[in-house]
Each structure stands twice: as C-alpha cells, then as structure tokens.
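Below are structures written as structure tokens.
Both complexes below contain chain A, partnered by chain B and then by chain C.
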Partner chain A sequence: MDILTQQLFNGLTIGSVYSLVALGLTLVYGILHIPNFAHGALYMLGAYVTLTSMLLWNFNYWLAIAISIVVVGLLGVLMERLVFNPLKNSPPIHDKIAAIGILLFLEALAQLVWGADYRTMSTPYGEVVNVFGTTLTMQRVLINVGAVIVMILLYFFLKKTFMGSTIIAMAQNRKGAHLVGINTNKVAMLTFLISGGLAAIAASLSAPINLVFPGMGHLVILKAFVIIILGGMGSVPGAILGGYILGFTESLGATYISNDYKDVIAFILLIIILSFKPKGLFSKEGF
Partner chain B sequence: MLKLAGLSVKYGSFTAIEKVDIEVNEGELVVLLGANGAGKSTVFKAISGIEKWSDGDILFNGSSIKKKSPDRIVKAGIVQCAEGRELFGGMTVYENLVMGAYVHRRKKAQVKKSLGHVYDLFPILQEKKDSAAGALSGGQQQMLAIGRSLMSQPKLLLLDEPSIGLAPLIVEQMFEVIQKINEEGTTVLLAEQNANAALKIADRGYVFESGSIVVEGSSNELFTNDSVRKAYIGA
Partner chain C sequence: MPAMTKKSIALIVLIIGAMVIPFIIQNEYWLHILTLSFIWSIAVYGLNILAGYTGYLSLAHAGFFAIGAYALGLLTVKAGLNYWVALILACIITSGIGLLIGLVALRTREHFFAIYTLCVGYVIYLVIDKWDSLTGGVRGLIGIPAPSNIGPISFQSAISQYYLILFFLLATVVVMYRIVHSLTGRTFIAIRNSEELAQTIGISTMKNKLTVFVLSTFFAGLAGALYASFIRFIGPDIGYTTIIFDLLTYLLVGGIGTLAGPVVGTILIVSVSQSLQFLQDYRMLIFGPMLTLIIIFYPRGIVGMVSEWKMKWFNKKKKAPAETWKSTYSDSEDVREDKVKEG
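Entry: the complex of A and B
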C-alpha cells in the first residue's frame, strides 16, 4: 500500500511536467498547425537559463524561473518571426523540416555554451516532508502545486479575457479571425510566447529532480507528442488529461512491470488508445 | 467609396479575375452576379486583403488598400461576411458576436449598442445567444454571420452569397434584412447567384463571366437585359 501511494504521487509529479510541456505543444499545433519539434529544445533551454541565472548571478530560484519564462518565451516569439511566419504560405512539410532544424541548432548551441556535461540544479526546497506516511520532497510537492496553478491561470486567460478568446477564435477558424479583424500575426506571436513560457516553467520545476543536459528535451518532447496525439491534436483538456494518464501509467508500470520498460509504456498506451479512439480522447472541438 | 481599377488576381498561372472595374458609391447596394467560379469570391478576398492581386488597384475613399493587412482593412470599415460563414463553431452565439466587435473592443458602450441592434434585426439570435454557433441551423448561422459582420459597424459590408443553401422563405427574409441594413446607412456589395431576389433590392449590378465583367447597369437595365434573363433569371 505504501509503495502504491508513493508511486501514485510520483505519477502525479511526472504527469504535471508532461502536461505543461504538452500544453505548449498543443497550443501551437491547434492554432498554427505547426508540429513544433523544437519545443523540446525550448524546454532544455528553460532549464539552462534558470540554472545559469542561479549560478552566475546568484538569483534566487523564483527570480531565475521568472527570467527563464521571459527569455524562452521571447525565443519562441523569435522563432515564429524568423522561421515559421515566413513559411506560412509554404507546404506544411516545410514547417516540420524547419522545426527539426531549429531543434538541432539550439541543441548544438547549448552544447557550445554550456558543454555536454550533466549538471544538477540545487533547490531551496530540498527538505523531506511526511504526508499520511508517505515521504515526499518539497520540490515534488511544488511541481504539482505549481503545475495546477499554471493550468488554472491559463484556463482563465483563454476563457475569460478578450486576448485569450482571440487565441481560441483563431484555433476554431483562422479565416473567421481574419474577417473580424483579429491581427493573426499578433496571435501567433502570443501563442509562441505562452508556449515557450510553459516549457520554461516545466523545465525549471522539474530540473532539480532530474539532470540538466543538452539532450534532456528528447524524451520529453517525444512523450509530449504522444500525449497530444492521444489527447486529441490541438485540444487543451486533452493535453492535461493525457499528461496525467501518461505520468500515472509510467510510474505504476515502472513499479509493477519493469523499470526498463518505463519509456516504452507511453507508446504502447498510444497504440491502445488510438485503436479505440482514432482521433484521440478529445476531438479539437473540445478546445 | 470603393473603386476597383483594372484589378487582376492570379492563382499561379491561372487568372481568376482579369481587369475588373467596379465602383460602389456611398449608400448604394450593388450586386455582383455570376455563376460558381466566375470570380465573385476572388474579388471579395482581394478587397478584404486575404488574396493579393497582381495588377490594378483597389481604392477605398480615395486611397489604395494594397499595403493594408486584413485586420487594418476591417478597422478602416470594410467587413466581409464570407460564403462559408466562417463562424467560430465552438463558441456561443453571444461570443461570436462579441468577437465580431473585435476592432471596437475597448468601447464597451458601443459594443453593447451594436449587440442590441443585431438582436433587433435577428431576434432569433438573442433567443439562442447561449447555443454553440455550430449547433445552429443553416439559416441561423447565416444570420449570425451577418450579425457578426455588423458588430464591427462597417461602412462597407461585403456579403458573399448569403442565400446559398437556404430555404426560399428564409432567403426572402434574408434579403429584407439586407435591404434594411442598407437603408440604415451601410453601403452593401452583394455577390449572388439568385439574380431575381438580388436585383429586386439592388441599385446597380455587374455580371461576371469567367473572371471578367460582361454586363453592367442599373437593376432595371439588368432585369430587362436578355442575356441576363436567360442566364440567371430563367424566364
């Protein structure tokens, strides 16, 4: 029983990180129809920016995260301006090629700047707490609480603000958005800003319990794609639910099946869910 | 108010419209007649800034709109209600209408007034204001599309085939409302295949055939023109 609650909590933690990454990916896909493979590189840079701000300038953890959100968010906007916007009238395959190009470029850049070493990020929340007989570190609690707060804020932004509803409008009908006078370039930039910010938050929260290295985004982005495919491409609730489903399945699978198969489970889950619901759990109308 | 001077639009090597001259004066209701694929929608796309043109120019109140982006054209007062309606299907009727007032989003009182005006024109929209736009009937969706266009208080309203796919009774109502909108002071450019109904409410008209204007004149002239009657009115 003890091990079950522990693993459920771990699943929740992993799921929180996956959901945040998948949310950024699904927003960009839903609104601009770009499968942004470079999203994993944004995640990796999010961790490096936080780490560097803490080590180099001795900023505290929260300030470092805030800087990381801004830097990576703006990097996302830059990506949209310099790469994806000029390609918007090209065939869709060009977006995909460009995204992979950005991914390779940013990874090589990270290796050049920070080296290929594995680094650890320290956290002021390293203490261990006991809840209902389960041992948890504060950092893991923080990941869960932080992710939920970010998701609630995102929900209110999208549903309750005018700026947020322009994003939804463009996701539902791009031409319609043009016709009512929405500046679709601005919406595209805003979407990339949010997407980059979410990646930075996810990476900064999870880096203290993982390692920071140039290739850290690989597995995360692969799984984020699995999540948005099984959740329904472009669906926000799908990304959240899919993230948690994958988190739980992985942590329970690692315990009760085999730790070696942990990363295969995501793909098995994908095959099973798509066999029954070929369009994913939520179709895009659920945005 | 609006002047198309020698406008040509090409899709690759295919010329969709060639050297089109159209003039719309303030307060008029002008109709573009023509079969599917004659180039009516292309003209509208060009005016709305969604399609770039190769030759000629479009002048709105005397100045070219060539360099204006679609959102700035809406701000300038040209609003299109497109053929496919292009509603936000997952949003409610109310949300669609509010989104229609996007360019006036900071003037709350004005948005409220426009909303009241649209509900007066189409009472059914008020009744259904909390339904999803995608769940409405075809006629209601068309009303919503027109209502959404009016929310931005256009000086010039472009209506692309508002009668397409609607029951005859609804078409009649639709044209009554269009006439009313025009009488209230909005200049209207209407693309239609239903020449009979359109010419009844229009001041003037142009007839399109494979990308060029073949006949133009007042509604009466077009109504009595033999080739127009044969091709579009069927009598």
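Entry: the complex of A and C
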C-alpha cells in the first residue's frame, strides 16, 4: 500500500513534466503540422539557462525560471522565423530533417558551452514533508502544483483571450484563419514562444530531481511524441491526459515489472498503439 | 543521344578512377576512410530508395544496420559459419525483420511513420544493448573474421577489402539504377508524389511500399554486415540514433532522391569529418546547421544543385522554354504543397 501510493505520486510527478513538454509539442503540431524534433533541445536548454542564471548570477530560483522561459521562448521564435517559415511550402519530409538539424546543432552547442558532464541543480525547496504516511519532497509537490497552474493558465489563455482564440482558429483551419484577417505569421511565432516557454518550465521544474546534461532531452522528446500520438496530435487535453497516463504506466511498470526496461514501456506502448491505430488513438484534431 | 554517351563515358572514367585509386593514394589510412565511406554509401542508398524515392522517412535504419552487423558477427563468431554463408544469411535476416516491421510500420504515414520508426530504432538499440547473453551488451562483439578466401583470392589486405567493398557498392548502384528507371521505380515515385493518386490509378501502394521497405532494409543489412567484417569489432553504438542522423546528413548533402547523391554526400562528409577530427563531438555544430540550410536552400543537395546549374546553362544555350526542363521532383513539390499544408 505504502509503495503503491508512493509510486502513484511519482507517476503524477513524472506525468506533470511529460504533459508540459507534450503540450508545447502538440501546440506546434496543431498550428504548423510539423513534428518538432528540436523540442527536446529546447527542453534541455531550458534547464541549462535556469542552472546558469542560478549559479553564475546567483539569481533566485523563480527569477531564473522566468529568464529561462523568455530565452527559450525567443529561441523558439527564432527557429520558426529562420527555419520553419522558409520551409512553409516544401514537402513534410524537409521540416522533419530541418528540425533534426536544429536538434543536433543545439545539442552540440550545449556540450560546447556547458560541457558534457552531468550536473545537479540545487533547489530552495529540498525539505521533506509527510502527508498521510507518504514522504514527499517539496520540489515534487512544486512540480505537480506548478504544472497544474500552468495548464489552467494555458487553458484560460486559449479559451478566453483573443490571442488564444487566434491560435485555435489557425489550428482548425489555416486558410480560414488567414481569410478572416488573422496574421498567421504572428500566430506561428506566438505558438513557438509558448511552446518554448512550456519546455523551459518543464525542464526547470524537473531539473532538481533529475540531472542536467546535453542529452537530457532525448528520451523526454521521444516520450512526448508517444504522448501526443496517444492523445491525438494537436489536441491539448489529449496531451495532458496522455502525459499522466504515461507517467503512471512508467512508475508502476518500473516498480512491478522491471526498472531496467522502464524506458522501453513508452515505446512498446507506442508501437502497439500505432500498430492497431495507425493515426493515433484520438485522431480527430481540435481543442 | 550525345548527352547519354557523355554520361556513360564519365561513368566509366569514374569507375576506372575508383579502381586505380589504391595505387595512387598508397596511404592505408585514406584507403581505410574511403572503404568505410563506401560501406556507409550502401546503407545510404538503402535509405535513399525509401526516403528519397518513396517519401517515407525511416529513422530505424541505424537499427537495421546494426541487425545486419550483429547477424554477421554472431553467425561467424558464435555459430562458426563460413563468412559468405553468414553474409547472405545476415542480409536475409535483416530483410526478414524488415518485412515484419514494415508490415505494421507502413500502415502509418508521414509523421507517424517517422516517429514510429524512430521508436522502433530505439527499441532495436535497447535490445542489442540489454541482451547481454547474445550480443555481449556494451562490451560488444570482438574477433569477427575478415571475408574468407574465394578460391585463390584472399581478402586480408586493405587493398583487397577495398575492391571487395567497391564491388558491392557498384552492384548496389547498378541495382538502384535498374530499379529507379523501371516501372517499379516509377511506381515508387508515384507513391511519393501522391499516395491517393497512385491508388486511384490502380497501384497497390501497400505491396509497393513493403517491397521498397524490405529492399531498403536489405541494403542497410548488407552495409552493416560489411561494416562488421571490415572493422572486425561491433558495439551497440552502431544502432544508436546518432547513426541515423549521420546517414541522413550524408543523404541530404549528396542529394535526396538522386542516384549519385548518396555516394557523393557520404564520401564528402566522411572525408571532411576525418579532417575535422579535432572537433570530435562538436562536429554537429557545423553539420547541424548545414543540414538545415541545405534543406532550405538546396533540397536536393549537391547533386541537385549541379544538375540545376547544368539545366540553366543548357537552357541558355538552347534558349528553350524553361518549363520543359523542370525536373520531376520540382513538379512533385507543387503537387505535395497543397496536399500537405492543408493538413
């Protein structure tokens, strides 16, 4: 019983992180219909920027996260401007390859700037709390709470603000959105900004319980792809739901099946899903 | 046709050039690099027929390369089979696994296919890495024999290995040439340009896609098997995703969807990265942006660029209308544009 609750909580924590990463990915997919393989690199850079501003300038954890959101978000915008916008009219295979090119570049850059070693990020919220017999670290609670707040904010942004509506409109029909006077270029940039910001938040929140290294985005991005396929590509609720499903599956699988193979679970899950449902579980697009 | 004969003369010169290179270079190191890039070229040709001609970007090919390499390694080291039998078996095993994976993978399309194969590739890598009792895990497989003698010919020296692999490369190119210029090749291109249209005119897309997928894994497996016997040591690293990104870079730089592209790109990038040895892990700082820039400005790589220039020059001379000389690929791009971006 004790182990089960502990593992469920772990699953919730991992799931929150996955959901945040998958949200950014699914937003970009909904708008531009490109699988952004470089999203994992944005995640990795998010952690590094937070770490650097904390170590180098002794910034407060929250300030560091804010800086990271801005930097990575702008990097996302830059990516859209320099790479994906010029590729608007080319076959989809080109977008994928370009994204892979960016991924390789950013990873090598991180290795050049910060080195290949594994680093740990300290957190002001290291204390342990005891809730109903389970021991939780404050940071893990923070991840859960933070993720939920971000998701709620994102929901209100998309549903209640004008800018958010333009994103939804463009995801539903690009030409239609253009026709009613939405500046699709601006919306694409905005989406990349949000997507980068979400990656930075996810990375900064989870970095203290994981390690920071140039390849840290690899597995996360692959799993985020699994999630958005699970939840339907371009679907926001699907990404959140899929993230939690994968988080629970993994933490329970690690305890009850095999810890060595816990990373394979996601891929096996994906292979099974795509084998039976070639277009994903909920292939309908929308919010 | 004078253009045709010019082309075949150039081809013969190139082949003769490749034959005499070992006598000109006299440098074991560069011969080694050249042989290695020939091996990679074979794998890139496999990727090219799938991604370039049929439009399905498979990210699992590093995995198939590794399967070929490990099949050969295990069959010769652990089962003690004759090298040539093992080579044939390795190719058959890889294509067999390719057939099984293709049957499911090809039900997915476009992005789903890329993501699916990426995951398949990762699973193959993990299986090789974790299945200690069979593959030796992270320690790898040591002592793979060099190709055994055929009659009086032995393949122990670097030069003989060079010729052996050159032979396989030429065979691959010939097979590719024959496929691309046959009805089957045209069918593949039709599928790339529009799968719905291909289906409408009565092409069995699944059968053709499966054929091309198996073919493509066959060449990946062949390259892997040759690699194993050339390097004589293999580790799970050869199945890792970085290898597929390398293969993609070779293909893109040379020219995706062109016949000469794979060999041009591979030789160029492999030799350039050898001269940039000091960069080691940072070579992606150059190759990453290069990949992206090439796909934006020269989607058909060096070969495409050269043929574009040639066509422009030719047009100027003949003063013919430019439209008629548009390549099939740029036509296809126009077609795809509408289809894809509407999503």
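Please note the rule applied: the second predicted complex is superposed on the first by the 271 of 287 C-alpha atoms of A that agree within 3 Å, B and C clash if a C-alpha of one lies under 4 Å from a C-alpha of the other, contacts with A are read in each partner's own complex, and residues count from 1 in each chain.
Assume contacts are C-beta pairs under 8 Å (C-beta built on N, C-alpha and C of every residue); 3 or more make two chains touch, one makes a residue touch a chain.
What you see is a predicted model, and the numbers here were worked out from it, not measured in a lab.
When the two complexes are overlaid on their common chain A, residue A:I97 makes contact with chain C while staying clear of chain B. Looking at the shared chain after the overlay, A:F267 reaches chain C, while chain B stays out of its contact range.
Contacts of A:K175 after superposition: both chain B and chain C are touched. Touch criterion met: A:A116 reaches chain C, while chain B stays clear of it. Once chain A of one complex is fitted onto chain A of the other, the partner contacts of A:Y244 are absent, as it touches neither chain B nor chain C. Of the two partner chains placed by the overlay, only chain C lies in contact with A:A108; chain B stays clear of it. Contacts of A:Y18 after superposition: neither chain B nor chain C is touched. In the superposition on chain A, contact is made by A:K88 with chain C only, not with chain B.
Touch counts on chain A: comparing chain C and chain B, the chain ahead is C. Chain A uses residues 175 to touch chain B in one structure and chain C in the other.
Interface residues of chain A facing chain C in the complex, by the touch rule stated above, are 29, 33-35, 83, 86-94, 96-98, 100-109, 111-112, 116, 174-175, 218, 222, 225-226, 229, 233, 260-261, 263-264, 267-268, 270-271, 274-275, 278-280. Residues 51, 55, 57, 104-105, 107-112, 114-116, 118-120, 122-123, 126, 130, 241, 245, 248, 252, 256, 281-285, 287-292, 295-296, 299, 332-333, 336-337, 340-343 of chain C touch chain A in their complex. Within the complex formed with chain B, the chain A residues making contact are 162, 165-166, 168-169, 172-173, 175-176, 178-185, 285, 287.
By the touch rule above, chain B contacts chain A in their complex via residues 48, 50, 69-71, 73-75, 79-82, 84, 86-91, 95, 99-100, 102-103, 105, 134, 148-149, 151-152.
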